[in-house]
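One chain, chain A, links the two complexes that follow: it is found with chain B in the first and with chain C in the second.
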Partner chain A sequence: MRNIFNFVDRPSPIHELTGATKLICLVLWSLAAMTSYDTRFLIVLPLLSFALFRLSKIRISDVSFMLGFTAVFMVLNNVLVFAISPDHGAGIYGSEHILLGRGRYALTAEQLFYHANLILKYLSTIPIVLLFVCTTNPSEFAASLNRIGVKYTIAYSVALALRYIPDIQREYHEISQAQQARGIEMSRKESLVKRLKAASAILIPLILSSMDRIETISNAMELRGFGENKKRTWYMGRKFTKADIGAIIFCAVLAAAAFVLNYINGGRFYNPFV
Partner chain B sequence: MENPIISFEKFSFKYNAQAKPTLYDIDLSIRPGEKILIAGPSGCGKSTLAHCINGLVPHSFAGEISGKLSIDGKDSAKLSIFDVSQVVGTVLQDSDGQFIGLTVAEDIAFALENACVGEPELHELVLKAAQSVNVAGHLSHAPTELSGGQKQRVSMAGVMVDDVKVLLFDEPLANLDPATGKQAIELIDLIQKRTGAAVIIIEHRLEDVLHRHVDRIVLMQNGRIIADEAPDSLLSSQRLKETGLREPLYLTALRYAGVEIREDMQPWSMESIKLSGEDVEKVRSWYKAGEKTGEKCEKEALLKIEGLSFAYLKGHQALSDISLEINKGEVIAIVGNNGAGKSTLSKLICGFEKPQKGRLLFEGKDLSALSIKERADHIGYVMQNPNQMISKVMIRDEVALGLRTRGVGEEEIQSRVDETLKICGLWPFRSWPVSALSYGQKKRVTIASILALRPEMIILDEPTAGQDYRHYTEIMEFLSLLNKQGVTIVMITHDMHLMLEYARRALVINDGRLIADSSCADVLTNPELIRKASLKESSLYPLALRCGIEDAALFVQRFIDYERKVEGK
Partner chain C sequence: MKKSPVTTIVAIGIGAALFFVLGRFVSIPSPVPNTNISTQYGLLAFMAVLFGPVAGALIGFIGHALIDFSFGWGVWWSWVIASGVFGLLVGLASRKIRLDEGKCGKKEILGFNVAQIVGHIICWGLVAPVLDIVIYAEPLEKLFAQGLFSAVSNSVTTAIVGTLFCIAYAAAKPKKGSLKEEE
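Showing the complex of A and B:
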């Protein structure tokens, strides 16, 4: 069974960074990618992220499922934008150069350029998100959240949730099989009311047995001193290094560049049509 | 004499939610380095006693305390749960549920992290603890990659890192297969000898714990301690039987043969017990007096399995080429180590999974065309944990659920539910909510909800897990009754007693293959099978050898037949 945090343990310079650094960098990077529609900048970001991907030793096969998923999403997004507002580009860039067809759905150079920008945005953010997910050990992430000031009881709940998700998935599966045998159907053939009732037949036992589980865990944690001290140490904890600081500065510069470009362009868009 | 590390004086405890106290007038002292077994039937208060020792009472379970409990010389009323945890390390019953960390190393480190132990000691201590229980090779493994026994060892390492003076084990055998349970008892013994810590084991499976010596057995009943003495003395009395616990089988056999058990015979284990020539003669003549009970029953196949193979993942065969027959009216035990494929087999029979190869014939008809729901009309499946099945508030509704989803008329439903409730002994509770029932009663409700569909066969996953001898007997007698009414019963179990006593035939599965299909007595006297399938030999086997009885399987059979006769089973 696959965990949502698909951590790939394959040592690389990116893995070496602390989880907190990677989280901060991810936020700064996304900020940069979201702020700017400057095409020149949006070409640089994907190139950079591909380079980082190389550096991280994450293989395409490790992330193929997520890549496929986002690719479908990206195509869908583009089709919908074109279907709903085929003159969006013209509106933004203030001109209209028809390349193909006529009428409402005539393809303009501006619209095409806008779609190119949209695709570039996907390309600048998705690889970095995947990189974060694949190179961050969840426990180490909890440790570094705690380091940057998040209370350890809260930080630990992240790791704990990840620990128990597979168990609960398995339990859900078992309960639903046993309930199906008693004649509870979840298939689409049934009406919505019946399906909701069926869901409750699975969820109620799941919730009840999860409550038992929670009692066991919280007792086990308390018996081993969790919550007693104001602080705790972390087996998976890592110290901030120069590389961490370097990475954060680099991403901060990127974010700053995005804002500066907005200022120079007098808006979020770079307009080649003037 | 050394000062006790734990001492109860006139100690009583009442949970806030309950009207009567759970513990009365407990006087008990445990000295450093002692090894104590606390036994008693379910609800006798032994778990509560354990909670008092590790501080969960009163910190997590509030209630009224009277009398005195001191831990390591300090009044427990003034200690926090954290203070107590520095002295008493607890290994809980549920080895999966108490696994907190994402990996073995983090789980072992958990207590140290909370005590703010820094680097490099943290890593060193974890490694040392892991080595002491032989899991150092698995430090970076996730809990899903470990077996039940390994998880339990990680739990042990996790409490040992604290250098505690008392190790408390709450039902350590509950979730382990017999062979792993035996290893756990050996490991506990080893740890105690090495660390010199006092060890307290809470368990109702006496014979299994006594695989290694204990200093004292504390016997509890109805919230009181009714015996606190050396195993030899307790086992030579009748008190175990009176409290509804089961004494070791070899002792029962000796008593059946008319041998008087005395303290000086050292009856605590099969290896230590001294048998005189006269005793041996008594056993031999008892064995010979047994009449052959050639059970004749006409065989009519109910379920026929032919060449069944299945894999969850390609290349990882969960079951390979299983062929067997289950006859009408049989009681069958499916046994084997954890992960051998027992549950997978039952899932295939119920249609939860589809076989890659082979077929299932039920009364000659191929099952593959039937949906899960349709199969359930013929083959019922009862999960191990009743909480995983119950989804209605009221007992009646729960039992009627399967009938309602099948569109049976309301009048018919009521009459069938009434009938089922009566058979299952739930009639007095018919208008109760499920939540008011005990665990064992809930188990009955789940069985009733399956029986209401009138299946010809039911499959039960560990029907008696977590039950003491009395409740175990209740459930099993109830199943026997159903069997007499014609229901075929298949049980997946780790309990060797259960299989010996109630099943006529055992199917042994190992590594996805059926390695034996034979009588239970045969299986449990075959060392090769026992080793392969992580079973545990019956203590009747060495007894037979000691008495020079060659056909040990027949001796075991004689025992079962005799027991059925005297106990009226």
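Showing the complex of A and C:
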């Protein structure tokens, strides 16, 4: 329960980068993966991220649970896209080559190519987030937000959220067990309305005690003069090294490449059908 | 009652933590297979009423981003942003509702629910699908079908859970003017 964010503490070159660097790289990488739909570019990104995984010494067993999640999600999304709009590919690429079947659900080469692109898109955005989560210490995360220009009050909100998630989780379990001892039932056996009522019997005490918690914490922070000064230092903050700057430049080049490709292709899609 | 900025910061932090715990661990199995009822939007609407639009927006944004980070299916920025927009809209629309003065009658409940239903429709019917098209270029029909389903199911749970939160919280607060000077 302690390690919900799956941070894996195992020294590697990726772990040594500062949190701020990894956050900037994540944003740039996501930007690159989001803007481009060029198939050639989308093949390069997953390969790169797998190489980075090797470098970070994260094992498959560390992330197998999350990879399973991702796989199910990817399959479901693809099925849904095909079920609802089987002619989306033809619409994008402006041509239609029927491979098999007929009627509305005829499988076209364009649709197949679009699905391949969609899968590549997931593969270029998801592993890099996993890598970020596995190699970034949550406490350093808040400090790095401040480093990239987020106001420290907001960065502190994130730090507070990370700090209090385990506490609130524990409190939820305590209240839940106390209420179950008094006979509430939340499983599938009960009707939906009763289940919702049971949930409220747990959630209302949780919310009310959290409101008290907010008051206590904000009083404590105010008494210590939080928010008086314009700046704040961080215990977990670190200085940039050469490797950090190198990583940022590398990701910036990736993002720039995505925009250049959009410009060359005259659109977001790479079209092999013309 | 005027709130200090520090209270808002703490409320954002604790609110995001609650949003995370509710979204991640409190799932009520629904009659439709493989879908769960997400109670966190009831919480988000309630917090937005209590602490205002800025807190609402940030609780939705931070809480949802943390959930996505912890699941490892990638961060779906389009939906994360939509959660933030929902908090913002409800916060803006319900400025007149004063739960901290212990007021939560029929008028407040009606206002709260109109605000949250309109907020859900705008967010899941408009903001999330449009962002999905911009980012992922997924087909329009699929996104609007998904969006509509989320809008309806989230409005229903917010109507039940959020309203209950408001009533319970207001009942626990002393009413404004409930104390009278002895004559």
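FYI, the second predicted complex is superposed on the first by the 226 of 274 C-alpha atoms of A that agree within 3 Å, B and C clash if a C-alpha of one lies under 4 Å from a C-alpha of the other, contacts with A are read in each partner's own complex, and residues count from 1 in each chain.
Note that in this section a residue touches a chain if its C-beta (ideal position, glycine included) is under 8 Å from a C-beta of that chain, and two chains touch if they have at least 3 such contacts.
Model, not experiment: these values are computed from the prediction.
> Which chain, chain B or chain C, ends up touching more residues of chain A in the combined arrangement?
C
> Just chain B (first), just chain C (second), both, or neither: which does A:268 touch?
Second partner only.
> Could you look at A:233 and tell me whether it touches chain B, chain C, both or neither (first, second, both, neither)?
After superposing on A, A:233 lies in contact with chain B but is clear of chain C.
> Looking at A:209 after the superposition, I want to know if it touches chain B, chain C, both of them or none. Which is it: first, second, both, neither?
first
> In the superposed arrangement, which partner chain does A:183 touch: chain B (first), chain C (second), both, or neither?
A:183 contacts chain B only, not chain C.
> Is A:175 contacted by the first partner chain B, the second partner chain C, both or neither?
It touches chain B, and chain C stays clear.
> Name the contact category of A:195: first (chain B only), second (chain C only), both, or neither.
Second partner only.
> Taking the superposition as given, does A:217 touch the first partner, chain B, the second, chain C, both, or neither?
both
> Looking at A:139, would you say it contacts chain B, chain C, both, or neither? Reply first, second, both or neither.
first
> On the A-aligned overlay, A:8 touches which partner chain: chain B = first, chain C = second, or both, or neither?
A:8 contacts neither chain B nor chain C.
> Once the two structures are superposed, pull the chain A residues common to the chain B and chain C interfaces.
Chain A residues touching both partners: 159-160, 162-163, 167, 200, 202, 204, 208, 213, 217-218, 221-222, 226-227.
> Considering the complex alone, what residue numbers of chain A touch chain C?
4-6, 30, 34, 37, 63, 65-67, 69-70, 73, 80-81, 84-85, 88, 92, 118, 121-122, 125-126, 129-130, 133, 153-154, 156-165, 167-169, 172, 186-188, 192, 195-196, 199-200, 202-204, 206-208, 210-211, 213-215, 217-218, 221-222, 226-227, 268-269
> Please name which positions on chain B make contact with chain A in the complex.
54-56, 59-60, 80-82, 85, 90, 92, 94, 96-103, 105-106, 109-119, 122-123, 126, 140, 143-144, 158-159, 347, 350-352, 372-373, 375-376, 380-381, 383, 385, 387-391, 401-402, 405-406, 449-450, 453
> What residues of chain C sit close enough to touch chain A in their complex?
Residue positions touching the partner: 4-7, 9-14, 16-18, 20-22, 24-26, 28-31, 37, 39, 43, 46, 58, 62-63, 66, 68-75, 77, 135-142, 145-146, 157, 160-161, 164-165, 168-169, 172.
> Note which residues of chain A are touching chain B in the complex, please.
By the definition above, chain A touches chain B via 9, 138-139, 159-160, 162-163, 166-167, 171, 174-175, 177-185, 200-202, 204-205, 208-209, 212-213, 216-229, 231-236.
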